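For reference, the structure discussed in these notes is given below.
Think of it as A, B and C in the order they're written, each chain with its own count starting at 1.
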């Protein structure tokens, strides 16, 4: 989570600055050093590894240029995992946001107990993905889960182990669950910022509550919504490894194998290091592209923020 | 970079301190994947070994799940920091064997420390699984288990089945399962853990049919899967048919199905002998039988193969360390240690002496289920089909098999299609792994 | 406020309560499981109400149970996890606020190059580059050290970016005024910038503390000594879906221990946390 929290801010330029020449270098030095050693150096290694065919122990090595990339991109399993990732990310973002928005709107209305509701709703934010996955498994796994048992005794053929759609539903629920708190806080903040006078004016014009929401409140929430959409999608793309790992392990078949999970599975479980490294490099490229897009958006906020 | 120098400096100082203080005692690191009660066993064995002598200190370290432990070992080897001993699960055996330069065969560790290694004292089915084709034992078996059949006596009673006579063949299992379902004694007749290990690998060995060419890969070279032979297809088609109305219930790729059985939802259950502990603790009225066999197979029942994990020793360590490892292996082979391991953890004993001693103590009279896997594994001398399976990429091949079987159980393809696909995709993956 | 009918207020409360039920249920259910006997947990379905084993389970777990399985005392586990979480939070805030300060309030060669170098690292999960990073750790001798647990996790740009965005909203007049008063960059930093950043720092602290607390794969890889284990690792060590007997009642107690401290941090620091989030959002 920490890694996907990016603030949008209005910037005022040009800046007034301090004239020192050496000090700024000293100030950026710690972060730069850590980034170079623990990010760029390993990333460079991954890039090199992506052009190698190697046994797991590194005893036999063959340099193959871009053969691993060609292989990965031609692999139907990889294309499948792109599709899975897109479906999963969008579904997670949408579910997490819709539930959070509904709860936020209701919290705005419920004058009494607002603080208590908020306190009770932000819990899941603090739960480790590895533990969240375990908890969901404990509830919904057909073999272990108590709620799965309940569903079955109600006559619902709940079977995420064989039914890919059920597995996806389970995964999206677990991933969205962890994100609801975060979205809720942002939506509450967004709603508080909507000028009450606007709503009262519309009410006097005779607009119903639903209409007021969709014509006035929702458009004013658009920046928040867009921001959350990006944050949630990125969360679903990259921060859900622990959940996929614990809840479905990519199955049944390959119906829930996301890109990040596939990197792990090919590299860590199947020990095909070259393929896995090539996938990491592709992911890094995606991350950099997404970041650049988001940054553009963040910076452009200057003009209409 | 100042920041780093500082951190690295502290670390270096610490390392220095620890090496000087450990001057008298050689430390032996053992990375393992044991959890729950088995983690306690590891801790106790290590403590007892350390107390039994003063030259070596064994340090057990938990490194996550089996795949995580294997990876931690590999990563450490690549970084020049390999532990002395690494516990590797059965399917990782092929990976370790392919890395000849990285490991030192367990037999060599023992003999170079001046110990004699008498193979005849060990259970042949287990040691054979961890040996090279020429008979050299490569890794030291630590925890071994084999699949057996469990059944719920209360459900059998309700369904009008013979409580003291569990099904012996697969056809009997299917019939009993149907009866459980139709009589309403339970909502499901039969479930199983580990379809790949029980219904493919052990099915082949127990029925003495080939799982793959080259002695199931043990002889090395170009291996091709044979799991789409008619006997497998018939077996899985029967399973798929039973899955349609829930007479057979799928529980997941590994051990998750145990919970369905524990909840009393299914009457019959095949699972590793190591899973007994939970079943005992749940307080269920259970019975145990041998793994069922296929009546179409001529040689059945032959013998089952072990699952579990063994201890691998990394290469390029000092003589002192190897001596320590050898001392530990010798300690592990001691009859009382093996007896403790076997009786406490539910894994099989590695030595015949420990088996005999346990038998004499009357343990099996009280816990009849504990002997079943040993009898299954030692009943007959293994054939080319029943020494176990070995591939450089068995985890990947199992994944492929699971994916195809899941599609079959979901009704998307027939058993023939599933197994044909598993063979085609599996063979391609094996070929690629061999090229690397 | 516009007048609301009682029915609407009722609906709002009903939806909120339903939401809370859904959101808090998994955690509540873990608590329920931690108060039942092993036998009850082993035979699903688990009851919806707490059982009578609260005292027994918790005292067994705390006084020996977790240590017996995990090989380390609960106190040590919680201490390690706290050090790691605090280290990640404080370390990341420290390096980020400095570099953001440099990038916003100074002009120097390569400024934008540095910014981009840091910025690109924004969100690559550690799982994806884990093997090469591990190699670096070994080369630097940082295995089994708190530094090894903490430092690689603070190599990301999130916090830097946040501070940068915040600093850019600080009016130039403030800087000018400070310079007119003869205040150097350090005095400006401590007397003006730091107090202004309070809520941001608090919010970041909460987020990063939780990020550090919840790590799994990384601590598993870079610690060899049991004494360095974190509570999340200890928890995973206790759970076996495979051969071993899992003492689920103790597992559930451990899960509660792993969940409650970060929840307390979020709930107790709620006001700061929310304000920090919200202010940076506006």
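Everything below uses one rule, namely that a contact is a pair of C-beta atoms (placed from the backbone, for glycine too) under 8 Å apart; a residue touches a chain by one contact, two chains touch by 3 or more.
Note that the coordinates shown come from a computational prediction; the quantities given were computed from them, not determined experimentally.
Relative to subunit A, the chain whose mean Cα position lies farthest away is B. Two chain pairs, B-C and A-B, are compared here, and B-C has more C-beta pairs in contact (counted per touch definition above). One finds 16 Å separating the Cα centroids of subunit A and subunit C.
One finds 37 Å separating the Cα centroids of subunit A and subunit B. Annotation for subunit A: residues touching 2 or more other chains are 30, 34, 37, 144, 149. Counting partner chains per residue, subunit C has residues 44-45, 131, 135, 140, 151, 236, 239, 241 touching two or more of them.
Shared interface positions of subunit B, i.e. residues touching 2 or more other chains, are given as 4, 68, 78, 256, 258-259, 263. Only residues 1-4, 67-68, 71, 74, 77-78, 95, 98-99, 101-102, 187, 250-253, 256-260, 263, 393, 395-396, 399, 402-403, 406-407, 409-410, 433, 435-436 of subunit B touch subunit A when the two sit together in their complex.
Chain contact summary for the complex, subunit C toward subunit A: residues 1-2, 4, 8-9, 11-13, 15-16, 19-20, 22-27, 29-30, 33, 44-46, 92, 94-96, 98-99, 101-108, 111, 114, 117-125, 127-129, 131-133, 135-136, 140, 151-152, 154-162, 165-166, 168-169, 171-173, 175-176, 179, 184-185, 188, 207-208, 210-211, 213-216, 232, 235-236, 239, 241, 255, 258-259, 262-263, 265-267, 270, 274, 277-278, 280-282. Of all the residues in subunit A, the ones that touch subunit C in their complex are 1-18, 20-21, 23-25, 27-28, 30-32, 34-46, 49, 99, 102-103, 106-107, 109-111, 113, 117-132, 134-136, 138-139, 144-146, 149-150, 177, 180-181, 185-186, 189-190, 193, 196, 199-200, 203, 209, 224, 227, 234, 238-239, 241-242, 260, 263-264, 267, 273, 280, 283-284, 287-288, 290-291, 295, 298. Remark: subunit A residues 29-30, 33-34, 37, 53-60, 141-144, 149, 152, 159, 161-164, 249, 251-254, 265, 268-272 touch subunit B in the complex.
Residue ranges of subunit C in contact with subunit B, taken from their complex: 38-39, 42-45, 68-71, 131, 134-135, 138-143, 145, 147-148, 151, 217, 220-221, 224-226, 229, 233, 236-247.
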